[in-house]
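Input: structures, listed below.
Two complexes come next, and they have one chain in common, chain A, joined by chain B in the first and chain C in the second.
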Partner chain A sequence: MRVDLLPTEGGGTYRFVIILLAICGILISSLPVIVVTIMSFSAADNTGFPPEALSLRWYSEVIAMFTTEDANSAQSVVSSTITSLVVAVIVMVISTGVCIPLAYVLARGDRRIRSGMELLFTLPLVFPLVILGIAFLLIAESLRLDIGIWRIIIPHVALVLPFVLRNCLSAMSGISLEVEEAAVSLGASPLRAIWDIVIPMMKAGILAGLIFALIISFNEFTITFFMYTVDVSTLPIWMYSRTASSLDPSTLALSVFIIAADVVLIVLVDKLIAGRASLF
Partner chain B sequence: MSLQLTKSKALAFSLPALIAILPFLGACFYIFRFSISGEQSRIEGFSIQPYVDLMTPYFGRSVWLTLRLAFIATILAMMMAVPLAFLLTSLRSPFARRSLTIVILLPLILNLLVQAYGWILLLGPSGVLNSTLRSLGIIERPIFLLFNETGVLLGLVQTSLPLAVFPIVSSVRGISREHLEAASSLGASHWRIFFDVTVPLLRPGLFGAASIVFAFNASAFAIPLLLGGRRVQMMGIAIRDMISPLFNWSGAAAAGMILIFVTMITMLFAAWLARITSEKVER
Partner chain C sequence: MTSDIHLHINKVSKRFGTVDALRDVDLKIERGSFVCLLGPSGCGKTTLLRIIAGFEAATKGSLILDGQDISNQPPHKRGFGMVFQSLALFPHMSVARNIGYGLKLRGVKGAAQRDRVEELLNVIQLPHIADRPVSALSGGQRQRVAIARALAIQPPLFLLDEPLSALDAQLRDNMQIELRQLQQKFGVTTVLVTHDQHEAMMLADELVVLKDGAIRQSAPPSQIYNNPADSFVADFLGAANLIEVGAMKGGAIDLFGTPVKSSPPHRDGEQMLAAVRAEHIGLSTVGKDDKAGVGAISFMRDLGAATEFVVTIDGKDLRVRRTSAQVQGLNVGSKVGLTFDPSMVSLFKAP
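Take a look at the complex of A and B:
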């Protein structure tokens, strides 16, 4: 008799309860996103459910928001989207740039140093985000730092380091020292061997790390909530200030664009690291 | 020429990453230093006054609420995470497995505002649930599920579920089917196998996942802010209020230290619990 954690035939109440709970989990995870997507196609002005008629009017409204000049440019959706993207791209480049050499050293070096460093670089993951936001705010305020967009970039880099390092490390794990030795014996310098042989072999892990950094920074809300200023504000903060009093359907259409972008990026990461590493 | 990793090369390669994490370490130190400052708005001298000032019924209620909500949300998330992990590991089609992974992972990564909009549309006074129940004639006035503890709990369960599912998936993969087959051939029922074989085998993974979920939920900020309104004063919100209307910076820092302390104690307790219970199994 074949026994499995999830019996395919029979199983009585056990199978029923397990499947019921799994369905609850799937519903809790997905219902909010599904409802946002459905309501964004509503033709009505309010957010009553179900929508009486379907239309794309909120999507054209979103496009209009992005194409027409807003008089109040400091608060406009265009400038906060640009800030969000610029921050996410810089965070992505810096975090991956510093993690590749570190992953190389950790993979080739002492085991004890490796576990210590891995622990150090996991800390931002378990540290409460509110506290981190407040700490960075206190530093910026009491030192009266005027560093523009970097007041958001610096905390974001710390936040994504654990994810990026983990991806780079698992990319390094399959690369043996012999490939470098072969390159050096053929006349390459040690640095050239790393640049031309090791880094191309790490490509999938590096790309996964880049995308992870991009997604996390682009969607980050809590730290940015403390660090934003009138001049430097991101898209999630713009959405928060717009919908603090009431919800309007054009924000839902904008949300659907964000959902679609996130799903595409997650699928990409999942493909890149398929079978070699877990997402955490 | 040798490819040995020299000390100077190792240092040069790890220096950029160390510089990148330095602001984080600085922030950790700064918040600690601020929490023992003698002044409320700047670092000046030493005092334990910020901690003493927190000993109020108001802050005590906030700590209790935080622990209670985080605990309930952790139990609920674990109850759904184990079946989801079973489902995820028993799916054969790669497409189904990939879709389920994305459905579970999305809430952790997606902009929290979008998810809050979703809950408001679902459970708000004119949302899906209320209008359905009203049109069926079951209720006359809308039931309030948002901007109270129920709304916050749902949001916490949703965002922390992936943190529970993925570690459990990797421990489920480690269970050998022979154990289950042995129990089954001896006549154990599915429930008996689940409680007497599967759960004990999964126990270290379960405790690990639960402690991460609990720590994540206890330090939640955006979910209570967006779904709790002003009535659900979890610690994250209470700390924000000390900063923003009150300008009590040292008090906020001290409250933050207490939050970090609470989450660390929980994680250590879970690790200890996992150790003593697994020793019992070995004996």
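Take a look at the complex of A and C:
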């Protein structure tokens, strides 16, 4: 009979500890979401918790914001939502487009080059985001670039690359050279072998990278705060501007919409691309 | 009989940095024959196979296929079906799509591809697994699918890199027979790499023994078994006793009392090694007068069909194998006489 390293009989001695830690973890990570969701149903103008009465008034306000064109606001919620989505999708496409070939070359190439490159692409994670934001702003201003939406897309790509690259690399590491050689020996050109064999086998890793890119970009605030302009702004910036002086409960309702949209996006990407490797 | 050379490996050498992986390997492979490259790990056998497949380029020398130099042809243009040690099946494809992949690349689609895949599944005796994922197969089934995938494209050369090494002994025995039957059925020129001498003897028409990147001997298995070219080959092919028999005198050596004549390249005064296989040593009962060739049994084990002995003679241990019926009444400690048939003894210059 197999002996477990941790006692498991009758739940085991560690069961209590494990349950306690799990509860702590779940509470810490989901409490904000729960509070925001409850408060978004408040009937009151103030943001006291718990709400005294419930209503859907903030939801109807959010819908009104989206449906009636607010002419006097240059940073209308509709345009910043569209910008956010466009940025997120382009960031997703570019970062995976860069990372798939990069991961392939790094995984098949020299080990030392690989660790060096990994370090290089991880740098944006180590820099404080504020400093990264200032740096990108400095670059954009000193070069006097007028590149519209790309002034947000480029920093986002830099921010997202390490996550996407890491996922693609770990997917690559499970693919032996022999599988590729097998395809080549059957008559596939090296590129064809990558397309037919390597990419499908990397699918789960690519998918995880796509989701990371999408969510990180869509929710990114710090760097975007330095880079946004009157013409190009994202939804997190818009929400911040609505809450900076006094908390507007309609942003809470909007947050619930965003959370829902995030979940829908993840499931959608997963269903579209994953096939058998689907997470859900 | 004129030999029909299919592939000529023309003085191929390969260097990795400062290491000579292959030195001047020259080998002519006949059409339709089954060639085994045999040797210990690091002898260059896999490198040679990868050069044939086109995954490595030779540092020197060339490959001539049907009279054409293919040294610079990329591997996917050669289209030699290859079975890898890890089998390298495509995990995201069904069995049918694995076998059909090479056909798809050749533009064989739809019903034609389906028919060919079905035909191959019948050949490997797994007609009902076409739609299964590769992950659902057993070891032997994966093996067969990998072989079918390589044979589906009707390759000019069929290459195998230790394909059976991952299987358990029983399955490996069966697969060896099956592989040989398949090869004969398709009539495809085949090169297989192995470190298992039993497997090589079982499969090969032509056995090529490699050591340190050079061919030590290339001949049919029985010839290699009975007339090894040197002491390494004799030893590597297993169950041979290598005995230091001292210097040669009068054109012969003395093997525990049995004179064995030597052929010309060896001269008197040279220190010699004799190689005798365990089954080529006879045992006789000992009379009181016998002095030469008497040893004592220090170990014996009945293996069913045969009995294996270790006989200690003049401080040397010799392995002897006799059929069980021949050895009634012998025990550990018994004195026995050893008899040798000089024609079954190979002599080499001692290193």
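Observations on the structure shown:
We take it that the second predicted complex is superposed on the first by the 227 of 280 C-alpha atoms of A that agree within 3 Å, B and C clash if a C-alpha of one lies under 4 Å from a C-alpha of the other, contacts with A are read in each partner's own complex, and residues count from 1 in each chain.
Here is the rule we use: contacts are C-beta pairs under 8 Å (C-beta built on N, C-alpha and C of every residue); 3 or more make two chains touch, one makes a residue touch a chain.
In this text, all values refer to a predicted model and were calculated from it rather than measured experimentally.
Within the superposed three-chain model, A:Pro51 lies out of touch with both chain B and chain C [touch as defined at top].
When the two structures are aligned on the shared chain, A:Tyr104 is found in touch with chain B, with no touch to chain C. In the superposition on chain A, A:Pro200 makes contact with chain C only, not with chain B. Contact with chain B, but none with chain C, is seen for A:Leu252 once the two complexes are overlaid on the shared chain. Of the two partner chains, chain B is the only one touched by A:Met239; chain C is not. Looking at the superposed arrangement, the partner reaching more residues of chain A, out of chain B and chain C, is B. Look at A:Ala22: by the touch rule set out above, it reaches chain B but stays clear of chain C. Look at A:Leu31: by the touch rule set out above, it reaches chain B but stays clear of chain C. Once the two complexes are overlaid on the shared chain, A:Leu186 sits against chain C while remaining clear of chain B. In the superposition on chain A, the residues of chain A contacted by chain B and by chain C overlap at 181, 184, 190, 193. Residues 176, 178-179, 181-190, 192-193, 196-197, 200-201, 203, 276 of chain A touch chain C in their complex.
On the side of chain A, the complex with chain B involves touching residues 1, 3-7, 11-15, 17-19, 21-22, 24-26, 28-36, 39, 46-50, 94-95, 97-99, 101-102, 104-106, 108-109, 117, 120-121, 123-124, 126-139, 142, 154-155, 157-158, 161, 165, 177, 180-181, 184, 190, 193, 215-216, 218-219, 221-222, 225-226, 235-236, 239-240, 243, 247, 251-252, 255, 258-259, 262-263, 266-267, 270, 278-280. Interface residues of chain C, counted against chain A in their complex, comprise 53, 55, 75-76, 79-82, 84-86, 88-92, 101-102, 105-106, 149-150, 153, 159. Looking at the complex, you find that chain B touches chain A at residues 1, 3, 5, 9-10, 12-14, 16-17, 19-21, 23-24, 26-28, 30-31, 34, 42-43, 79-84, 86-87, 89-90, 98, 100-107, 109-115, 117-122, 124, 126-128, 131-132, 154, 157-158, 161, 163, 165-167, 169-170, 172, 175, 177, 180-181, 183-185, 189-191, 193-194, 198, 212, 215, 218-219, 221-222, 226, 236, 239-240, 243, 249, 252-253, 256, 259-260, 263, 267.
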